[in-house]
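Okay, got some structures for you below.
Two complexes come next, and they have one chain in common, subunit A, joined by subunit B in the first and subunit C in the second.
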Partner chain A sequence: MAACVAVIAKENYPLFIKTIPTENELKFYYTVHTSLDVVEEKISSVGKNTNDLRELYLGLLYPTEDYKVYGYVTNTRVKFVVVVDSTNASLRDNEIRTMFKKLHNAYVDMLCNPFYKLGDNITSKGFENIVKGMLQQD
Partner chain B sequence: MHKHLQEVPAVVVVFFDLDWDEPLWKERQMECSTRVEIVRNSLQGRNTKIAVVLIQKNAPLPPGEDLMAAERAVSLCSTCDISAKSLYVLPHTDHLIGYTMRLENAFYEQAQAYYHQEARKVKSHKDFLNKTTHQLLFVRHQFKSAFFNELKQDSNTAIKHYKQAYGYILDLRMHDTNMLEIKTVAGFINYKICRLSFQHNAPLDAIAQFRKHIDFFKSKTGIPELSFEHSAWMSKQFHVFGDLFDEAIKLGLTAIQTQHPGFYFQQAANHAIFRKQLCQGLCMQPEEMKSANEIEEFLGKTEFYGQRKWRQEQQSIEPSDLHKEREGILALQTKERQLDHSLLIIPLLSSAVTQFRKYKSPRMKRFLMVQMGEEYYHAKDHVKALILLNKVMWDYRAERWWKLLTSILGTSLKCAYLTAKVQEYVSNCMELIGRYSQCSENEKIRIQMNLVRVMSHTVPEAEPDLDQSCVEKASALWAEFRSHPTSFTLEMHGLIPFIETKACFVHETVSADNKIIVEVCLRVGCPFPVRLSKLLVLFTNQKYNPHCVLTDGRGISAKSDGGVDSPSDLYLKPNEPRVFSFSFIPFSEDVGEQLEISSLAVEMGNESGCSAMLRWTGGGGETILQPVGPAKPIIRPTPSGQPVDWAAFIVNPVVKIIPRKALLEVKVEHEPPCLLNEVYILTIHVENKESADIHNVKFSLGLQDLEEGQDATTQVSADVSSFEEATLSSHCKTDVGSLKKGQKISKCFYVKCLHVASRVFVAQVNYDVGVRVDDQTLICSCKAEEVISLPTVRPFDVSIKLESLKFETIEAVHADDPFLLTTDIVCSSPWPIEMKNSSLHLSEFIHTAGDKFESQIAEVQLNKSDCGAECICLVASSCVQPSVSLGTYTLEWKRKTANSESLPYVSTTLPLPTVNIEYIPITVQVALPAFGRVKTLLPLCYSVRNRTPYVQEVQISMESTDNFMFSGNKQTQFRVLPSQEYKLHYNFFPLVAGQVTLPRLHLDMMRYPSTMDEIISKMLPTHIFIRPIGKIQPV
Partner chain C sequence: MSRQGNRAGDPRKVNGELFTLTYGALVAQLIKDYENDEQVNKQLDKMGYNMGVRLIEDFLARANTGRCNDFRETADVIAKVAFKMYLGLTPVVSNWSTTGDEFSLLLESNPLTEFVELPPGHSNLNYSNLLCGALRGALEMVQMDVDVRFVQDILKGDNITEIRLKFIKRLEDAVPVGED
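Presenting the complex of A and B:
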């Protein structure tokens, strides 16, 4: 389903990145990193008219030749980025949305762990399993 | 297409000098027609229009008038075989521009007509075609007509035809042999469509068309052996589209962050990179390279774009000659091999970088710069690669993308190795073996070994996966490095090296007689222990720098000699932080200053070989990774002998040097509150409790928080008599000299406050004392302070009133009539006040009614809330001004306490009120006895005095009462001469006893009707005491 799932901290450093296939990991790292440009732009353009409830889901960030990159930003500015193979046409916007919702829930559950220190890399197995599920579905 | 653009003209124009009235008309006409014939022959029967322009010297006559011209024109047309419409005349006269414009339009129309005709011709061809056999020609014809339309400048029709042509292409049967041809043509048509779409300001159409195009052809790779051709084609498509897009933007189109030419350039570059990889994979096997001639043979010009030369004139799908086919492919591969791909990729990347910079995508830009760097690396331009990579590394570091950083560092390290740039090599190594590097453990070990080699001035091992020839070149450079000592400084700010440092002053403040202790914590994150050669702490004040140097001379590769933790052992084991401590005594001139760590430096290697000085600015610590936790925990000196907790070690790069604590007892004795204006005495008692004599003792008293501006309302002095001087400062200092051990001394200060307020004074004692620290006597200057808060209150409140002689408060005084001035002095000071004297300073219009003024309160002592009063009778002389200030009232006083004997009296001056002086034309007086008796005659004489220089007419009436019987005029009228008196005599006969109201005298003046009565009634007594008769005395 998804090719790469990334969680990025407020300060724009990666908390968690998982990719399939793993051999081209570096490329995905770059893809996720560069997508932050668009994320930041989107956040800052909304931030101007305050009190607007920001839509967490940012939609398609930018299409590359082979992949589509979607973004999602929580209210604490933690960013989720999902990279999807662009040949996979079955994925509708709605499915991506639910995927992000699921990811957000998993992140919040992981955050509830009292031993997790904010800003650390995510090592939670539960969280990883959920992400794996997202990556491997069908 | 070239044919139509450059070779086949639409209109040929023959310019010819010929006037209508040319004498040799026939010859000239012949000459002209032959020329036209020549042109026509050379056109070989194409439909090109021919026009003739006659250049004439004379202005033309209006049409229809010049018969000869019309006739000759017809004949010229017929000889030249052109229509009359194609004959023009260009008179070589004044309006040349106008004529040429008209000619231009006319030619343009002709050209359009030509292209229209051509297009029609093509269309007519098309009708003969059928879909099965002439599939290819469909495309050709559509393209042709579109192209003619474009030349006709009818772009809407053109785009329609291009689209149709494109549609036909998609319908074509594709197989490996014609794939290249189809793709070439499709790319061409696509280019045309996109271009026209942009021209029509329909960028979305263009983008959609391009996407469709790419999606369709993406998978049409063609022969696997020549798949690089496909990549090249894709790259070209993207590149061309990017160029188109960019051009459109230059013409005013606005792009957005997610849709701009940069993406297309990037894709183009990606495909170019892919092409390079394919080329490396496919074309490197054949050992023998084709010679240039052979290549030429296979790759010459072809009749149609995109066809293989060796396969021309064959329409069949299967390649006919397998050998020839193979040779052809080989030739193509050889050609591909000779191509410098990096030269293609880098410009694409750099134009993408410009675009991304324009559209606010810094990260994308950096990514592309990394790609560029890598490409430079592949192109063996290692220096450029190194520069580029170093530029972007910082950002990845700041954003903590370690994985990306590590990969960039790896490339950078290779470049640094190949160019033998020691400094970069070392800094890259340091980062790669650091904590956050994502290298594998083995890799780290290898890199550290290399680092150690470099630092001990030997050649490091080559990085893996390097080109052999480059390595050889590099080893020559490294040999040169070996030949002479190298030393350099690396700024660690912004790097994340394997050595981490933290420095800390153990105390926030240090007094001048104590040692400053600096602790430096070092930690290494590399797999093996390292030995540093020097550790330095540099301060903002460089005088201290020599105190904090630690040198280890054992060389970088020396192993630990067991005696760990010997002070000069800079041997650091991985993940075992060590703390080094320095201590030194502050200089006395730096007391009150701040001392800051400007940088930390660590030296590796030795100066005779290769040495690297690593400098951290400030107190070290994680400059990039700021701690998230709460700031400013308490600093504790690190206990020795225990493992150091790196995280708990706090960075504190600032210490304040404060003066030594004074061992003096300072007491201030005084009796608050201070009274306003008085000279207030403060006694400072000091006892020397130091273990030695103190020198240079200075007392000072001044206001606290007093900045540059002096407070004019407060005066401080050490001498009573100085208060008589005009200016006094609010700060006072006295020198006392030396004090022996245990000696006591007292000193008086005097303060005068001119405002009611609470003030804070600081009594300071400064002195020098010698202190022994480590066999060294330090002269410390110390300071003892005592803060005194001093409220100031008013000593007394004075209320001044004006009263009439009847003790009634009055607002205004009458000229020449006496009035009373009473002063009530209420003492509000908690201390008794002794009045020395009071004095009155009157203005020129006021004088005392009686004798000279004599103080009535002199030598009076007032306790708290006692009241002293004075009453003075004054007379105002008549004057011009309506209101007059009476003058001032001055009191001389001081407090009366046990130790106030020596204090001088101070005088407080109060202003007297300002009064209105009224001028009354007459006065009425009556001499009233102190009392009367019932039924005893009481004679009264009212005297009316005229103060004016005029005769005044006065009317008088006496009111009757029940209390008195009286005789005299009840109502009368009389005149009073100027400055004279008129006496009215009455005999009153009291009827009742007690305080009795007198009968009222009403007075009216002719000059001032009905105004005087009230004024007069105030002048006259209203009551009189009447005694009863008393008992008849017993006889």
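Presenting the complex of A and C:
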């Protein structure tokens, strides 16, 4: 389904990145990094308008020929970025939304672990398993 | 005194997640304060003991159970009435020893440990040790010296959480020595 899932803290450093096993993983890391600019642009632009409630799901950030990048920002400025293969045309907007919802729920559950310090890298097995479920190639 | 709006029933009821997060914050702070897991376990047990000696009064007032005639009855009351009243779940009483003075409480889920994952390096930590202390304290106030310990723990990788209670002796003149 997804090729890469990333969780980025509000200070814009990565908390968690997982990709499908491939030789050029760096390409995904680079993509996630550049997509941060688009995310910032989206969240700052809505702030300048009327006090419009920004939706958490940002939608398609930008498409390239190989893959599409989707974004999601929580109210605490924690960002989720998902990179999916363009060839997988059957993925609809709704499915991406559910994927982000699952990610957000998993993130919140992991936060409730009293041993997790805010801002640490994410090492929770539960969270990793949920992400692995999303990365499975069928 | 302001009236709390639509709060029906027992005003002492509190949200379950708040309870879990509070206990989690407590254990996390203890880990930061003390160097090793054994110390933390001991502190949790002490705190549980202090809670237990007070909780027993509340329990006896609310439960209306009479005196238990033997240890088996005690086990049933603990599992079916006490745990139900305070944690909302009913553990299974099992693994009775041949002499009838030792048994296990099996808990499939533990409200104290929702969302918790033990960090690496703390495999000796009995996260819910407060429960053991509370049981020990409460039983001491009804003249029973009981040793309570964890045998299995879901947090440590087992399938089920198991607490073992062993009856040591009956206490006469049960005035608990103050802990320092």
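Structure notes:
What we mean here is this: the second predicted complex is superposed on the first by the 133 of 138 C-alpha atoms of A that agree within 3 Å, B and C clash if a C-alpha of one lies under 4 Å from a C-alpha of the other, contacts with A are read in each partner's own complex, and residues count from 1 in each chain.
One rule holds in what follows: a residue touches a chain if its C-beta (ideal position, glycine included) is under 8 Å from a C-beta of that chain, and two chains touch if they have at least 3 such contacts.
None of the values given here were measured: they were computed from a predicted structure.
Of the two partner chains placed by superposition, only subunit C is touched by A:Gly126; subunit B is not. Touch criterion not met for A:Leu135: it reaches neither subunit B nor subunit C. Of the two partner chains placed by the overlay, only subunit B lies in contact with A:Leu118; subunit C stays clear of it. Using the contact criterion defined above for the overlaid structures, shared-chain residue A:Asp109 touches subunit C, although it does not reach subunit B. Of the two partner chains, neither subunit B nor subunit C is touched by A:Leu56.
With both structures placed on the common chain, the touch criterion links A:Leu36 to subunit B but leaves subunit C unconnected.
Taking subunit B and subunit C in turn and counting the residues of subunit A each one touches, the greater count comes from B. By the touch criterion stated above, A:Pro14 is placed in contact with subunit B alone, subunit C being left untouched. In the superposition on chain A, none of the residues of subunit A is touched both by subunit B in one structure and by subunit C in the other. Interface residues of subunit A, counted against subunit B in their complex, comprise 11-14, 17, 25-26, 29-30, 33-34, 36-38, 41, 61-62, 64-65, 118-119.
Within the complex, the subunit B residues that touch subunit A are 214, 257-258, 263, 267, 270, 360-364, 367, 370, 399-401, 403-404, 407, 628. Interface of subunit C with subunit A (complex): residues 17, 20-21, 24-25, 27-28, 31, 114-119, 122. Across the complex, subunit A meets subunit C through its residues 109-110, 112-115, 124-126.
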